[in-house]
Every structure is written in structure tokens, then in C-alpha cells.
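Both complexes below contain chain A, partnered by chain B and then by chain C.
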Partner chain A sequence: MAIESAVLVVGGGLAGLTSALSAAREGADVRLVSYKQSTLRNASGLVDILGYTPDGDGPRTDPYEAIPELPEEHPYRTVGVEAVREAMALFDDAVPDYRGSHTDRNALLPTHGGTIKPTARYPAGASAGLASDTRDVLLVGLEAMVDFDAEHAAAHLRAAGVPFDVRGVTIRFPGDLRADAKITRYAKLLDTDGEVAVRGRMRPAREALAERVNTELEGEARVGFPAILGDDRAADVRTALEERLGAAVFEVPMGPPSLPGLRLEDALFEALDAAGASIETGNPVVDHDGEGRVERVYVEKHGARIPYAADQYVLATGGLVGKGVESDRERVYEPIFDCHVPHAEDRYDWFEADAFGDHQFAGFGVRTDEGLRPTAADGAVEFENLRAAGSVLGGYDFAAEKSGSGVSIATGYAAGRRAAEEAR
Partner chain B sequence: MSDAESPTDFDPTAPNTGEAFEPVDVFPDSTDFDLRPGADSCYKCSTCDTNCPVAEVDDDFPGPKFQGPEQWRLKQQDGDHAIDDSVMDCSNCMRCDNACPSGVPLSQMHNTARGEYVAEQMSKTSVEYWRNRVLANYRTSAFLASKVPRLANFAMNFGPARWLLEKAMGVTAEREFPEFAAETFREWWAGEGAAAGSRERARASRERRGEAPDADKKVAYFHGCYSNYNTPEVGKAMVRTFEHFGYEVVVPEQRCSGTPMFANGMLPDARRHAEVNVSSMSDLVEQGYDAIASCTSCSMALRQEYPELFDIDGIEDVSAHTFEAVEYLRIHEDLRGAVAEADVEGELAREFAYHAPCHARNQGLERQAVELFRDLDGAGIEDVGESCSGISGTYGWKAEKYEKSMEIGEEMFEHMEGAEGETGMTECPTCAMQMEHGSGYEIRHPLELLAAALVD
Partner chain C sequence: MASVPHIAVIGGGSTGAGIARDLSMRGLDVTLVEQGNLTHGTTGRMHGLLHSGGRYAVSDQKSAEECIEENRVLRDIAAHCVEMTGGLFVKRPEDTEEYFEEKLRGCETCGIPAEVVSGEEARAMEPHLAKDVDRAISVPDGAVDPFRLVVANAASASEHGARIETHSTVTDLLVEDGEVVGLEVEHASGAGKRVHGTEGGTEEIRADYVVNATGAWAGRIGDMAGLDVEVRPSKGVMTIMNTRQVDTVINRCRPKGDADIIVPHETTCILGTTDEEVEDPEDYPEEGWEVDMMLDTLSELVPMLAEARTIRSFWGVRPLYEPPDVGSEDPTDITRDYFLLDHEERDSLPGMTSIVGGKFTTYRMMGEEISDHVCGKFGIDADCRTAEVPLPGSEDFSVLRDYMDEFGLRSPIGRRSVERLGSRAEEVLQTNGPNPTVCACEGVTRAEIHDAIDGSGSDLNAVRIRTRASMGNCQGGFCVHRMASELHGRYDESVTRQAWDELLQERWKGQIHALWGEQLSQAMLNYALHATTQNRDHDPADGGSVDFTAFDGGPGRGDRSEAGVATDGGTADGD
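The block that comes next holds the complex of A and B.
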């Protein structure tokens, strides 16, 4: 026997979650398996569609407008603009507390480095930080949290010419926290409004934090913090701070590990659970049976190989960083199904000397037919019941384009829906 | 795009490992497990730290990334780098393993460091050492108590004795000791005719199910300490359910899985027990048996910690042939179909508030019970969230850890309160203690519900 489902999604990132969700909402019996916990907690929580074209043209105002001009091998061209719109509608429906769906245009948000990033969707907690807003901003950094240098970020924003005054200050987070306290420690204290010691007195954390910021506030209408303002009760934390500060409060998205990413992960898993899908994490899919058609895959658990069988499969294992695409000195390959990954023979052609050059590796990944089924070097479909989604796909450079989330959502949606249709 | 100048004239297109390159054997004579590849795989994303239930509440605890790869690297330097005391504050929930996107064997590193700390840095005459040792060797206490269960149940929760135990030994008086069963699982099993009785019953089931009477369906039950001494009803449910599906059950000689010993750095104790377990299980595996555990920490120990920590003949085979009970049936039988057709009546026709033990996570089992029972008529199940229960075996029994343990558990208690059911459910005996302690609910095991649905 094997563990069976109609659709099996391999991978628990944004692409895997979206394919599983779209297939489950089509009524299919879906199982998602992920090697580890979702890597979404490494994501900023901002959801981009397209910020720049592959030639570096941008920031683009309207990502949808730019899609038809993309190179033919780009995954957006494979699924088409309409599918991108439908996919974003699925995302908007599944994930509460996100903003940006009211317009096709990109929003501009400040990053923790003080740059301005074009993005299509953003957490409600970041919305008061919009760079198009003209109200003045105070950025608050925390002494122990060196990832966010508020003064530096403010200087960068000023240099970028934002239409408001912005100032940065650094304070000590109230209480006796470790110098390397985890983001979850801050979040837990604020979620539970736990007590912290301030000059020998125990005070609720939210109140104590607001008090420290109040002494620095010079009438700014907006206050930005690094993204540590609670986990389960982030909205309550923000409201409590806003009341005490008399200013709008926002979070600046941070690098990994990231609470906005973690909250997004929770929201998507919740939506998937509500759609009736089965989910498991902790062990990798390592191999498959079948030629031309995938019969089953094997999950390796502590030396045992456990068969999982489905009618349709979605490959959403990530790219070079996520290990969905692997490389050694000889070749670049996809490790589970050994799908073809186009690459130059000489590995010194895979990258450029310039760190920000036009690296070939950025576009490594499987190529597909119009139904997202991976194709061999000769263009023939590798497996009739296998589709690929997210950064395991090649033909685009998400880091340069700021298109990572959008491609994952769009291809995940399209792959999941097709898989569900076929599984009927 | 950055406007930074290129800092060196390093040319990445020219190979930098020229003819002068000689590979260096870094640890030439070490017979220990090589943790270097694991340490090298860590790219310091800190995802593990965001999964640590202790770091979320304990301002003295530096988190898994430090305890694992960073401490390991420090230890490789010349000079005297002792293991940091904080390794004893890790509760060994092993959540960091499931979190690492780079495959760093964090719990293996923590267990190794903790073992070294206890062996080399902890005073063997300290109260803490002996308190930990007694807690870790729960099987010994339970074995003695099971000889006189009624007296033990009274004595272990006798107020003045508990006060003394806290003052003298640092075992919290806040918790009630679990009750010892009047009849252990093994006593019951002997009364049921042991292996021979099981063979007959399994044969009858196979006949009823239309399977070949001599089909090769046989499992070795690793009941662990708790199902034997405290909750024999879980072991009975395991036996009834497996026999129902036509499996012959044997119950081999066994000791503690080692879980509480790993968590307390008592590696020589754990190894002594592991040798017995591996020896009896590997003989059976050779004969075609699979090892089945009903406790997710026991299955975790046999599967993951054994091969990571001990080099014992047959240990890899035992690891690859160990399964959690419900998982095994999901793989080999149409369990989902059977549950969907079944309904529960009587005592267990209730709503359950289910908590997934941390040790179920690395085995991919954290949603198994909720996904299986959501198709079951007559009973309901609701997940009470992904937080850790906070007890982590012996951790929450230590007087100095009790408050933190309850703080970690707070989220679970709240969700239990909010859940419809007023009966708890989990696979882990100590999570069950914590759930009961924080909510007052009675706690059941998924196997009990499965047996009630399919067998009774």
C-alpha cells in the first residue's frame, strides 16, 4: 500500500501552498508534503508580482501591463495575465489582513535597509509605512537588534527623496532581554503584554515600550518599528501602541527570520486546513517510480522509504537555495524526478564576475509546456501527470525582477487547478 | 543595486585551489560522530531560534543556533572552551530539527553537547545531578512503584512527602504524579496468552478479512514505560487494533527508550537501555517484524536519536523499521477508508481537544490524528494549535523550570479552553500530564479512539 491522495504537492513554500489550496478549493483530495517547516518564515511578508523588467527597467507602476512584454520563457507568459489575476484573487481571498488588492498598481514600501520596494500586496501592519504617504515618519530601532539601523534607514529614505520628513532613533527595548533575544521573544512579550522590569518596577510591555518612544516623538504622525510587534495578536499590539503614541504605527519588513513571513505562513496553512487538505512536514521526498507517468514518490523517514501515491503531482520544491534545483561540478539537476534543467556545459559560464551581473544561475530551473509540465531537452513532456510551480521553474530572475511571490502564486494556482481538473 | 566598490581583485572565474592545495584531515583519529558537516551547513538564518519554545520565554537561554553549530565551532578552537551551562535549559523538544532549511542536525548537536557537559562538567555529588538522574530513570521508579501501585499512588502524592521532595531534590510539588495502574500492560498481555494468543486472534481476523491466513503481518510492540506502568489501556488499544487488521503482535523485552535520559544528558544510562532495545528489536526485524511504538517520543528515539548518538550493531535497521502505531496502519492498510465507514458510540463518543507533541513533528505526524478523525462519525477532534505543551518530559518537573514550563504551555491551555471538546487527546504521555495539569481535562490517546471506532 501507499499513502494515497488525488493530488500530491511536494513542497511547502508559497508555490506549494498555493497549488494545494487551489486544487483543494477545486474539490480535489489534496496532500501536501514538505521536507521541513515552510520557508515562508524567511520571507519578508511582502508579496510582489513584478517590480522591474528583466532589463532592469523600473520600478514598474503596473506589473500586469509589463507581463506581455516579458521574454517568452518567463513563467508569467506560460500561465498568462488572466491566470495571474485569478491567482492573486485566490491569495486575497485566502489571506486576511493584507492590503493592495484595490489597485493593479504597485505600492512602494520602505525596507529595513531604507530602500523603497515596489510590491503588489503587503501586510496590514505595514500599510501605514507607505512611501507615497506624505505624513512624517519616526523610525524606531532597538539597540540589540542590529539588523535594523533606524538612523541609517532614515538617511537612505531621505536620499531616495521620499515626500515626507523621516528621522531615526534607537532605543532600548524595555526589560532585561538578552542582547541576542529572538524576534519571537519580543513578539511573545507584546502578544501577552507580559511584564518587564523598568527601573525596578514591573510594567506591561506595550505600555513600557510606548513610553520610551513617546520621549523621542516630535509630532511625527507615523512611527515605524522593526517587524516584532506580536505574532498571534499583532493587530492588538499595534492598536495599543497607536493609542499611547497618538500616531499611526507600522512594521518595517525585516530579513529572515521574519514575523510577517511567519504570520503569512500561518494564514495560508489555516486556509489550506479549512479547504480540507492533508499536510505533513519533516521528511523529504527523495525519489519516484514511473516513466512517462509518475506512479508514486518516496518519502524518506529515518532510513525508511514510504510510498505516497497520487493521480496528479505538483513539484514545488524551490530553486537553488530551496534545494529543488541542485548543482555539482558537472551539472545542474532536479533531484526527485531528474527533470531536465537547461544549463551551459562549462560551469564557469554559470555566473558572472560582477556580483550583480547577469548570472545564468539566477534563471536555472525546469522548463515546461503551456500546462506547466516539465519538458525534456527535446521539448517533450517528461511526465504526463507532473506539474511544476514556483522557483523550481527556470527562465526568470526573481531577485532582479522582484517577481518571486507572484510567480509562485500564479504558477502554484495554475498547476494546482490543472492537477485538480485532471484528477477528476 | 549596490554602489559598493569591488573589495578585492579576486577573480571568481579562476580556480583558487591550485596545485599547492592539500586537503587537511581535520579530525584524524576521532571515533565520535562527525558533526562538522552539520555545523558547516548552518548559514545562520536563525529559523531554528524562532521555533524554540524556551527562548520565547526564558531570557537566559541563548537558543538552538548557539547550542548547536555555534558552540560546536567554539569547541574546535584551541584552548579550553567548556560547554555553556545553558545547554541544560534546552528541553529537547527537537523542534529546531524540523525548522532547519539546511539539514543541520541540531538535536544531535545538543544531545552530544549535553552529554559532554554532564559527563565532564557537572558535579556527580550535586543534588541537581541526582534529581535529574532519578527523573531520567523514570522506568526504575515506575518498576518499583508498579509492585505496590496503591501504596505508590498514595505516597507519591502525599503532601508532606512532596514538599520534602521539592525542598530537598528540586522536584516541583505543583504537579501530581501520574497514577500507576493496578495491572501493568505486560501482566495483562501475559494473561491474554501473549504472542501465541495474538497469533490466533490475528489469524482469525485475517480469515474474516478475506486475507491469506498465513499472510506475513507481524509487529513488535515497543510499549515504553508509560503504557506499561501507567496507561495500559493505550497498549491494549494498540494490540486490539493491530489484531483487528490481522497483525500478530509480539511484546519483546525492552527498557526505557532513552528519551528522558537524552534530555538530561545521561548518555551512558541511555546507551545501556538502548543496547537492550536494539538487541531485542533487531533480532525481530531480521525475522521480518516492524517495531511499533504508541508514544511518539519512543518512536522518535528509536528512529532518530539512536542512530545519531550510538553505534550499536543493528541500530540502523531498527531505526528504519520503527513506526508510530497509527502511521504504520496508514501506510499498510486503508485506514482512512475504515475510519470513514466507522462510527463511535459509548464512552468515547465525544469532542476532543487534540495537541500534537513536538516529537511527532519530525516524524511528520503532527496532523495525523486530526486528519484521520475528521472523517469519523460520532466523535469530533480539534487541533489546539502548534505551540509546545511546555512540559517536555522531565523539564517541567524541575522546580526551577516549572514556571517557564507553564508559561510555554499557556497558549495551549488557552486554545484548549476555547475548543469545543472537554477531553484532551495526544500521543505523548508527558504532554498529557501537562494538558491535564493546565486544563483539568481527562486526556486520551488516539489509539483508544481508533480501537473504539474499529474494534469495539
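The block that comes next holds the complex of A and C.
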């Protein structure tokens, strides 16, 4: 007999978690199944709604204002501005350690290479790093960490004309972490405030780090570090450093493996758990039964195919990166339900010659009706009880627009709520 | 004429660098000019095969004999650039016995050590070979890193006083009184190492003799002096796999044909190739069917290739030449031999010789012959020493001992660093600060990157070919920004930013031929990292101004935007 729930969400990234949360808060009996680590470990932890329009206009100050200008096939147009706002309200409620909800305006934040980018929500730990804040900044890099070069980032910010003075210094992290130490190693050390050896004396890590940075501080009101300031106890680490430095402390968002991305994933899993959903991770959904209506899906566990049945399904398996959309030399496809993914026949039409050109592949994904139900080439709904959310959707280029998180949250919210309503 | 003749060598490929090394070791004054990076032309676009000569043992025995001779020399003088993988000519049931026997006899005639192995024995060596491969001939093929080899030749030439000018395009040959007396170059960024954003300019380089070693571009240089150098450029595709499906060079044992070789190269395999004449060595079609042909045809030898991941493809143009009276229709019939064209004898224009044809494996021999020729012009009697004196990095190969502890590197990374650097390992890896890994796919550390920057200025593509950083599976997704950061401190932020963007574009160029399956997924991830997180596609520093006051100033710090300061600011120009 199949494992049953009212709503089954396939995928544990931002879209899957949001849709499960939204369905659960509507009162539905929800189960979420996800395969591997979500792509959030690749994400900076910034939650963008929309920074640039598809024709490159931006950075836009107000993402909501730009939504009605988007092309009709854009997922934001499918769900509508109001749903985006409601979805962000759900996010703000579920993830209390984020900031940015006090305004509709975008924030500008520097990331690890020193480029500024527009975003809508940012971790509390990144909050003091806003580029529109006029207080001076000291960026602190670590000798052995190649992903963030503080002097380089500072020079890059100056080139962008930021309204504050910014300087970078590179220090050796107190103690003796080896050159290729993982970021989690630094975070753990700060979480536990473990002892490190400084000139032959053992000192707590937070104190030792602050002391080292204090010798570099020249009255700057803000100090930025790479995003390694603790994992489970990030707020404590930050507060401890702020007290000792007498300055606001922030983390500069980074690439993978990204602690802010992983913290966001943890926060959402917690919220989902609190909302009473069942969560299963580690096994892939590989197939489905049913035509016109999904009867059940199959989860592969230790070589066996276990059926999972639900009244309503949400497909939130991700895009090309998360393998919710796959391809070979001939075609692009959605592997679980074989939903239609529009694409040019010739794979040489999938990209542009410029690295940041208007790549067709960036928009690969399923198309839907107004209810986020995937549609076939002729526009007909593929399955009456299947909705899609997040990067498995096509028709938009999240990287160019800086819209990935927002689309996942908005469509996840809308798909989850619809699924819960239908399942009643 | 000065007491020491000054020779201008045009072309920074294997031939030009080999000539520059040879002449400078013989005490001549040498200037080498190259329009791009070292290896910019054909040398940087070859499959990395160190020929045993087996491929030419039937059709072109003179070339085959030269290959085996130079194969032995290079193992000696360029040990840190060569991996002696061994090679197999494998026969499938549909390939003829006659040709197999002919190949075997040809190898014997040319002095190429060759041994017949059964299909089973071949599969014991290479488990992924097709089950129906029935026999094979084992030969001493190897893999060679063309980048490392050319850089080492140029470094050796520099040590002997040569001037090496990359990113310097020859715009004219200086002809006075019916004689070539030098050339005019346009420097992309001034003389010396390349630094982005540095003012370029033209320079007249006067020389007592000019050597045109520009391969497929030789006709273009010839045109500048009204000479007709009939190079017949022929393109070939090479497809790079994500891993080494084979550790031995695999050749198909049949007469000339496309898609008949797999070369294990560093962490990858390179599939090759095609042979098709083109008009222009810089402008020819690169098409998907050529990539498909590599995968589909070579999977007859190694079936797993059909479903394997490729990370990029590239095309090279062979500088084929044949004397005008031969008239081959098909480029595969054109000899792989090389020719010295003394323009005094041939065209009554003294002062210049062109060297055309030939192939990478025999670059040193070509250098020797033309150096003899040039020395002869000046009555200089100096021995060629390039076959005996090892290249920088290959001087003392006992260094391939355990460097891991000594340099605090983790084992696979330490081993790979030392393999790349050879006897230079100690000099390069000895650093005061920590030496973290910058490129994880290829195991390239900060010290190696800095050494490459010392050698090549702000040009991250030149750093790439020296170190292999950004050439692995992720194709630079995770390390290009790190490489850029390593430039900072030596170069201005704007120089760093240009070099960064240039490398991103270069890495993209070859990946477009591998965009399906895993590599398309990787490409999307890279695009997301570079555009979403790093905002490389809309960097405000690249132009336009941002009205910072129009954006969120932070919770609790008074949101200035809501105080009515701006309504629609912040639109960057140039978008």
C-alpha cells in the first residue's frame, strides 16, 4: 500500500519548503520528499525578488513595481504581485532572522567578489553590510581563504562609488587552521568559542579574533568578515565580536559552500517541522503513475520502488542545477512526470556566444496555466493535480534578473496554497 | 651588422619558441613576437599526443622516423611535460588484417618499438575498450602538455637573453633595398608582460634576419612582403572529456579517418579529430556535428564515451604545406613533413625564411634545422644543444619525491603540483604564508598561481595555460574570481576586473560545445554563481552610477528611501 498524504511536495529547496509550509499552514496534511542536499548550499543566502528586468534595466529600487512590466510567461505574472507580497509575508514570518521586510525597496549588498547586487531580504548577519549605509567599513579577509580577498573587495566597492570609506585587511585566523580548512571548521570554532593558540597562549577563538582585528581597526563603524561567523550560534558570535570591536559586524555573502544558504535551509526545515509536515530526505522520486491525474509517485529506496500517493502534488525539483530539468544531446526534459519543456531543436540554439548573453537554457523549465499546473506543448494541462514551483519553471532567467529566491518563494507559496485548497 | 646578429622570430607556438631557445642558446640575439599568448595558435589547440610515429608508419614514413627520434628526445629534455602513457592501435573486426600487418611492418621499418597484443590483453590494460576489439599494436605514444612545453622553451630562451613579446601582432615586414630588415608590431599593452589597460603602441623591430614560424598564419605574414606561402590550413575538432576513460593513447588501426584517437591528458581525455581544409585560420565554422562524430565514432572503441560527460571542445588548424607541384585534393593526403622556405632562394627576397608544415612532436628538430640555416647565413659555427640540455623544470627529476610534507600540501594536490612544476617545484612552492588551493579541480595552489603571474603579467588566460587552473570539470565556475583576487595587490582593481571578465568569456567559449546533460547543469550553476551572487553581468563598477540613497539603508537606521528622497533612482547607465 502506498504511503499517503493530502499534499505531496517533491523537492526540498526553497520552492519545495515554501510550498510545503504554505500548504501546511492552510491546514493540509503535507509530506515533503527530497533527494539530495538542496541547491541552497550554492546560494549566498540573500533572498532576491527582482533586481533587473529581462531587458537589463536596473538595479531596480522597487521589485514589486517592476513585476507588471515583466513578460506574460514570467512566473511572477502567473501568480501576480499580490501573491508575491503574501509569499514574502509568509517567508518573513517563518524565517525571523532575516531583514528587509521594513520596506518595499531593494537593498544593495556587496558579495564576496566585491560586486554590489540588489536583493530584497538579507540575513540579520549581513544587515550591517548594506551599501546604502554611509558608515565606514573595514573588510577583514583571512590569509588562507581564497574565496574572499578583503583588499580586492574593498577596491572593487570603491570603484562602484559606494557612499562610505572602505578598506580591506588580510589577517591570519588565530590558531593554526591548515590552509585548506573548510568554512565549517571556522564556524564550528567560533560557535563553540574553542581555544586557539596565540603566541603560545590558549585563548577563546572569538576573543582572539576580535583582538587581532582590533589592531587593524581605525575607527570604522562597521567590520565585514567572510560568511564564517558561526553556524548554530551565529548571532552570539556576531554579538560577541561587536562588543569587543565596538563596531557593527556583518558577514559578506559568499559562494558555495555557503553557510548563510545552509542556515536558511535549516530555518525553513524548522518552520516546516513546526507546522506539522512530514519530511523525508535522502531518496529520489523517480517515476509516477497516472495519465491526466497523478495517481502515485515512486520513491527509490535501497533499490526498491516505494509508492507514495496523495491527492495533490507539487513539483519543486529545481532547474538544470538541481536536476529537476535534464537534457541530452537531443532534448530537454522533466524526468519524473515527463512534463513538456519547451526548447529549440538544435542544441546550438540553447546558448549565446557571450558568457552573459540571453541564454535560452537559463529559461528552460515547464510552462503552466494560471494555477501553476504544467502544460503540454498545446497548452493543455498535463495533470489536473500537479503544480510546479521554483526553478523547475521556465520562462525566466533568474540569474540575470536576480529573481531566483523570490520566484521560488512566490510560486511555492501559491502552489502550496492551491494544492491545500484543492485537497480539502 | 652588429657583432651578434639579431634574429626576429615571428610566432609563439612550439616551433617559434623552439627556434628562439635554440638560437639564443647558440649565442644569437633573439626577439620573439606573438600576436596572442604563447601557444595562442595551433600549439594551444592540439590533442596533446606525443607521437611515437605509429600514426605515420604506413603513409608517411619520413615523418614517422622523425617522430620516434624526437619522442625519445622529449622524454629526456621535457620530462615534466610528458606522461609516457603508451599507446595502442586497436583493430575492430571490420578493420582489415592487411592494414594491421602493414602498420606493424611500418613500425618496424621506422624503428618504432611495436608489439602485437590480443584483444584480451588490450582490455586488461584498458578495461573500457570495446569487447569486440580483436587485436592491437602497442607503441610508445605519450601525452604531452603543449602549454607547459612552450612556456618552458620560452623561459629557457629568456634565460639565454631572448626577448619574448606576447600580445604583439606583426603589422608589417620592413623591406629595404630588396631585403627584409625587420618588422613592425602593434603591442596590445606596451612592451613586456601583458597588463590590461596599459597603453599599447607600435614598435619597429629591426633585425638581421627574420624567421616566420607562424604555422597556419605563415601565408598572412608572407603577404606583407608580397610572398606567396601556400599554407593549407586544415581544421580539426578535439573534444575534452571530464575524466580519463582511458590511461593509454587509443588509436584506431585503420587508414586515415576522422575520429580515430583518444589521448589521456592530465585529468581528462581528448578525443580527436577531423581534417578539413579551411580558407582562414581564424574564421571557420565550429559545428556540433563534429562533436557528435567524436562521441559516436570513438564510442565504437570505448563504448562508455557515448554517455560520458564532455566539458568542452576546441578546434585547431594544422599548418599543412606541400610543394606546389604535388596538388593533393584531400588534406589528409598532404604530408606532415616540414619545409624551410628560404625566400632568398625561392623569391629573391633575402632576409627571411618561413618554416611551414611539420607537427608538434618534431618542433625541436624543426628548430634545430632552421637554426642551422640561420647560423649558416652568418657563418656562425655553433652546435645545437637543445636535444641535450633539459628544459627549465626538467633539470633534475629526482625532485619527484615526496614533497607533501615539505610544502604543507595535501597529498593529491602536492603530487600534481610537483608533476607540473618538475624541478622548479621547490622554487615555486616555497612560500612564507599559507598556500591554499585556488583551483580544486586541478589542484592548483596560490603559490603556483603567483609564479604564473610573475611569468605572464595580468593575463589570467596565460596563468591558466601555465597552471591548468580553471581547466577542470567546473571550467572556472568556482575559481575564476579567486584567480582574479590573486592578481590584486600587484595590479589595480580595474586591471583585475578586466582580466577576470576576460577569463570568464574565454572559459565560456569552449563550453558551448558541451552543453547538455551534466555539463549544461554545471554551466547553469556557473552562470548562477557568476551572475546571481557575483553580479558579474551588471557590475555597477563597470559603468554608470547608482543612487545609493534610493535603496534600503537598513532596518532601524531610518529608511531614507521612504523619507521621500528618491522615487526612481538607481538605474545604472549602460544597461
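Just so it is clear, the second predicted complex is superposed on the first by the 424 of 424 C-alpha atoms of A that agree within 3 Å, B and C clash if a C-alpha of one lies under 4 Å from a C-alpha of the other, contacts with A are read in each partner's own complex, and residues count from 1 in each chain.
Note that in this section a contact is a pair of C-beta atoms (placed from the backbone, for glycine too) under 8 Å apart; a residue touches a chain by one contact, two chains touch by 3 or more.
Remember, predicted model here, so these are calculated numbers, not experimental data.
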| item | value |
| --- | --- |
| First, second, both or neither for A:L320, with chain B first and chain C second | second |
| Partner chain(s) touched by A:F351 [first = chain B, second = chain C, both, neither] | both |
| Touching partner for A:N42 - first (chain B), second (chain C), both, neither | both |
| First (chain B), second (chain C), both or neither touched by A:D180 | both |
| Touched partner set for A:R293, first chain B, second chain C, both or neither | neither |
| First (chain B), second (chain C), both or neither touched by A:R424 | neither |
| Which of chain B and chain C A:T281 touches, first, second, both or neither | first |
| Partner chain in contact with A:P256 - chain B first, chain C second, else both or neither | both |
| Which of chain B and chain C A:G303 touches, first, second, both or neither | first |
| Chain A: partner with more touched residues, chain B or chain C | C |
| Overlap of the chain B and chain C footprints on chain A, listed as residue numbers | 42, 178, 180, 256, 348, 351, 353, 355-356 |
| Contact set on chain A toward chain B in their complex | 1-3, 33, 36-37, 39, 41-42, 175-178, 180-185, 188, 192, 232, 256-257, 262, 278-283, 299, 301-304, 306-307, 322, 348, 351, 353, 355-356 |
| Touching residues on chain C, where the partner in the complex is chain A | 287-288, 292, 408, 410, 433-438, 446, 478-479, 481-482, 484-486, 488-489, 492-494, 496-497, 504-505, 507-509, 512, 515-517, 520-521, 523-525, 527-541, 545-546, 548-555, 557, 559-562, 566, 568-572, 575 |
| Chain A - residues contacting chain C, complex | 42-44, 46, 48, 51-52, 56-61, 99-100, 102-103, 105-108, 111-113, 115-118, 127-128, 130-133, 143-147, 149, 151-152, 155-156, 158-163, 172, 178-180, 253-256, 319-321, 323, 326-329, 346-348, 350-351, 353-356, 359, 361-362, 398-400, 402, 404 |
| Contact footprint of chain A on chain B as seen in their complex | 1-2, 6, 11-13, 45-47, 49-52, 55-57, 59-60, 62-63, 66, 98-101, 303-304, 307, 316, 319-323, 330-334, 361-368, 371, 410-411 |
